[in-house]
Amino acid sequence: MIVTAKQIAQLINGKVEGNENVTVSNLAKIEDGKKSDISFIADAKYNSCLYATQSGIVVIKDDFIVERAVDCTLIRVKDPRLSFIKLLQFYDSLKSEKLGISKHAFIAKSAIIGRNVYIGEGVVVGENVKIYDDAKIYPQVYIGDNVIIGESTIIYAGVKIYESCQIGDFCILHSGCVIGADGFGFFPTENGTYEKIPQLGNVIIESNVEIGANSCIDRATVGSTVIHQGVKIDNLTQIAHNCTIGENTVMAACCGIAGSVYIGKNCIFAGQVGVKDHVVIGDSVMAGAQCGIHKNIADKQTVLGSPAMEAKKMMRVFAAMNFLPDLIDKINKNNKNENET
Amino acid sequence: MIVTAKQIAQLINGKVEGNENVTVSNLAKIEDGKKSDISFIADAKYNSCLYATQSGIVVIKDDFIVERAVDCTLIRVKDPRLSFIKLLQFYDSLKSEKLGISKHAFIAKSAIIGRNVYIGEGVVVGENVKIYDDAKIYPQVYIGDNVIIGESTIIYAGVKIYESCQIGDFCILHSGCVIGADGFGFFPTENGTYEKIPQLGNVIIESNVEIGANSCIDRATVGSTVIHQGVKIDNLTQIAHNCTIGENTVMAACCGIAGSVYIGKNCIFAGQVGVKDHVVIGDSVMAGAQCGIHKNIADKQTVLGSPAMEAKKMMRVFAAMNFLPDLIDKINKNNKNENET
Amino acid sequence: MIVTAKQIAQLINGKVEGNENVTVSNLAKIEDGKKSDISFIADAKYNSCLYATQSGIVVIKDDFIVERAVDCTLIRVKDPRLSFIKLLQFYDSLKSEKLGISKHAFIAKSAIIGRNVYIGEGVVVGENVKIYDDAKIYPQVYIGDNVIIGESTIIYAGVKIYESCQIGDFCILHSGCVIGADGFGFFPTENGTYEKIPQLGNVIIESNVEIGANSCIDRATVGSTVIHQGVKIDNLTQIAHNCTIGENTVMAACCGIAGSVYIGKNCIFAGQVGVKDHVVIGDSVMAGAQCGIHKNIADKQTVLGSPAMEAKKMMRVFAAMNFLPDLIDKINKNNKNENET
């Protein structure tokens, strides 16, 4: 969509410098910008890009000192980063919406479908499913019997939801994620084989949750694996059976959370973190990338390393490791000298 | 299904205390139980929950000492945990079974389908596929040409099986797992590019194997990647080409097993374990979470850490790390003092 | 297909010893070979297998010294490994090709489909998609609006490609991989919740790229996540938004590359490697399995460990760790003695 500098300035509450009738149609990084693009400088390290960019409009901080003439139209705002997000949201809102129920979807007669729902080709909707208003179900999704899909929730192509799971309102489930597969429960028999423990619970995902592509959330043995509201989970992450993930906790990609783990509210996990089964993690905990949490963590702690330690201590261990080889060499040499003496 | 305390006591060989005509319809955790639920106390740390629970029936160990009056009906058994599993299996057996072959499945004429098979909507069954009796193929599964699916095997929605792979009897494959994708084989050319080595082998999964959601088992270059009987693999795990996984070996989520690895029988791998290509691992090996196995491991060893070491030794290293920063600080300080002297 | 020793010798430029009219129909490992198989000895450690194998034909190095009579026909070549790959390619070329556009695919009227394209059952092709000549799209693939699929590219069953992404020529995308899901971008609000940052960019995959099963490549916030030509990415790997992966870089399974990472050309990453967001990695970098890269790496470096260090240094740290527990014990003992004195 083509917009003028003047229109954008209104949208993001900014002040135009230069030609306010210049038009752009796209957002671009300042380094990649073309005449028809608008770009942002939100970080001072990109300041010098202003003089080289081809972008038609550049949004800068209100106190940015422009050192020489530039070709582009400038818009000054209080917080370029927030303005950037606001403009992203504006462009996002212009995208055409998918609508209608494909005649090539397979919808059980007993399913209840709300108003203004999109259901794409090849979708399977099981018995007694409820899909609330404004939900969007992309092609090839599988929705097992008795599943509930909340209002305005978006489920991208190929998501699989096993029977009896519940997804809240305003959630986003990305392609390939699997909700409600059996928890990994077996008991050993005397001859060394394992017998399956049936997994009869479900998964409850509350509202405003986003689950990344190809992530897995297993159903509980009994009761529910619960993802509380506002949780954001990135791609390729495993949440095992009977876990609880607290409100507004955020988890980067490739984490593995073992069974019956309890994670509190407002935690931030970096990528590839592992948590041992039955561990209890408090609120507002930060876990560094690749850390391995094997015991309970109190509120507001930051942990690093595998096995994980309190971050400041672990930083000292990491630093000390640099000295370790020389120290050991010296000691081994001394020992050798002593032995030879 | 509604059952009485009396009926349950018969099923799990227990002794009723209280009203044997009380009915329940669901299993629940002791903390979550309602009047219509049955719960179990298998771990002494939950003993005190008995006095607060709302559950209609609680199963306890035969020598449990009940210290004050309780509202619920009690059933005393020898092993509450086993009774719990038995009851799970009973409830599981009551679930209605999927049956019939959808007219919206795409089944090659040359495919041979056994008796009492379920094939859901959107399933693709390739040329010369054989599906044995009582198998259940959920919607949107892809079964490539010449694949064999054994008796009573369950394949959940969206599983993809490449051509010529073989799945045994009584297996369970969870949604999104990919069986038989090409092994990762390339050879470098003189100009820095890589040329693909065709992967002409297959995957053989023997009987009683369970593969987790979104896990991947790659086809061999020639011959077969083999998952022996009774193996249980959790979600999001990668088994590369030409691997062999021995009978009754169990692997938790997010493991990565590189090419041509041989793993023996009855091993237990925790989550996020990595194994280097061509490594040979014996029988009954235990591997701790996140460990990185880069060399052969003998039978019955337990390993930890990355790079992995024998567990007791690694525990000592982990413990010693706690002291390392202070030690290094002290040494650096001494050196400084000496230098200044 | 049945071929004679003579025909194979011509194909791989080898010299027959024994019956040149012997026929074989399959490739097999030397240990597994049957009368109807051809095998290769490319590694001297398998030399002794020559005398035990059942394979009808064995390909050996031209200077291989055969110490006693063998049952099989021999073919001597300069480089058995390359001959093996050549023969794999020959067998691969004989496989029957999938062709034709299924009437059970859902193809938007505005899509443009080239010549000689295969599109399987249940495939969804969105508006304004372009699929070039000789591409093969297996069943149940989802191709969002405005996607471009290059010439001769193979997309296996169940791949999901979000709108506006571009896939080059001669690429291979394995089952379950997800191209163009939203990058993981949120900003915190004052009440502790997170608001979604729309992800309006796309993914550009250049030519000759292979992406493994269930791997994920997220779309950029603006602009493109770029996978340059010749890149090979194994299964279950996460490439976050705004990353760039340089030409001919190879990545083993289960890696996690965070947002806005730049990786140069000709790098080799082992499995389960993690890279922190915004890190810049040079050309020809080697990263060891499970390493955690948290800062920029110059060209041609090899790194190991988590946090990653230069490899030689890290090898010394790993070696020193072996001595650490005894050292600490000794020091603690000395301290105790001093305190007691």
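To keep things simple, chains are lettered A, B and C as they appear, and every chain counts its residues starting from 1.
We take it that a residue touches a chain if its C-beta (ideal position, glycine included) is under 8 Å from a C-beta of that chain, and two chains touch if they have at least 3 such contacts.
The structure displayed is predicted, hence computed values, not measured ones.
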| item | value |
| --- | --- |
| Relative orientation of copies chain B and chain C, as a Cα rotation angle in degrees, nearest 5 | 120 |
| Chain B against chain A, contact positions shared by both copies (same if over half, else different) | different |
| CA centroid of chain A to CA centroid of chain B, Å | 25 |
| Multi-chain contact residues (two or more partners), chain A | 122, 140, 158, 176, 214, 236, 254, 272, 290, 306, 321, 324, 327 |
| Chain C-facing residues of chain B, complex | 106, 122, 124, 140, 142, 144, 158, 160, 162, 176, 178, 181-182, 184, 186-187, 192-198, 200, 214, 216, 218, 221-223, 236, 238, 240, 254, 256, 258, 272, 274, 276, 290, 292, 294, 306-307, 313, 316-317, 319-321, 323-324, 327 |
| Residues of chain B defined as touching chain A within the complex | 27-29, 32, 82, 85, 88-89, 91-92, 102, 104, 120-122, 138-140, 156-158, 172, 174-176, 208, 210, 212-214, 230, 232, 234-236, 247-248, 250, 252-254, 265-266, 271-272, 289-290, 306, 318, 321-322, 324-325, 327-329, 331-332 |
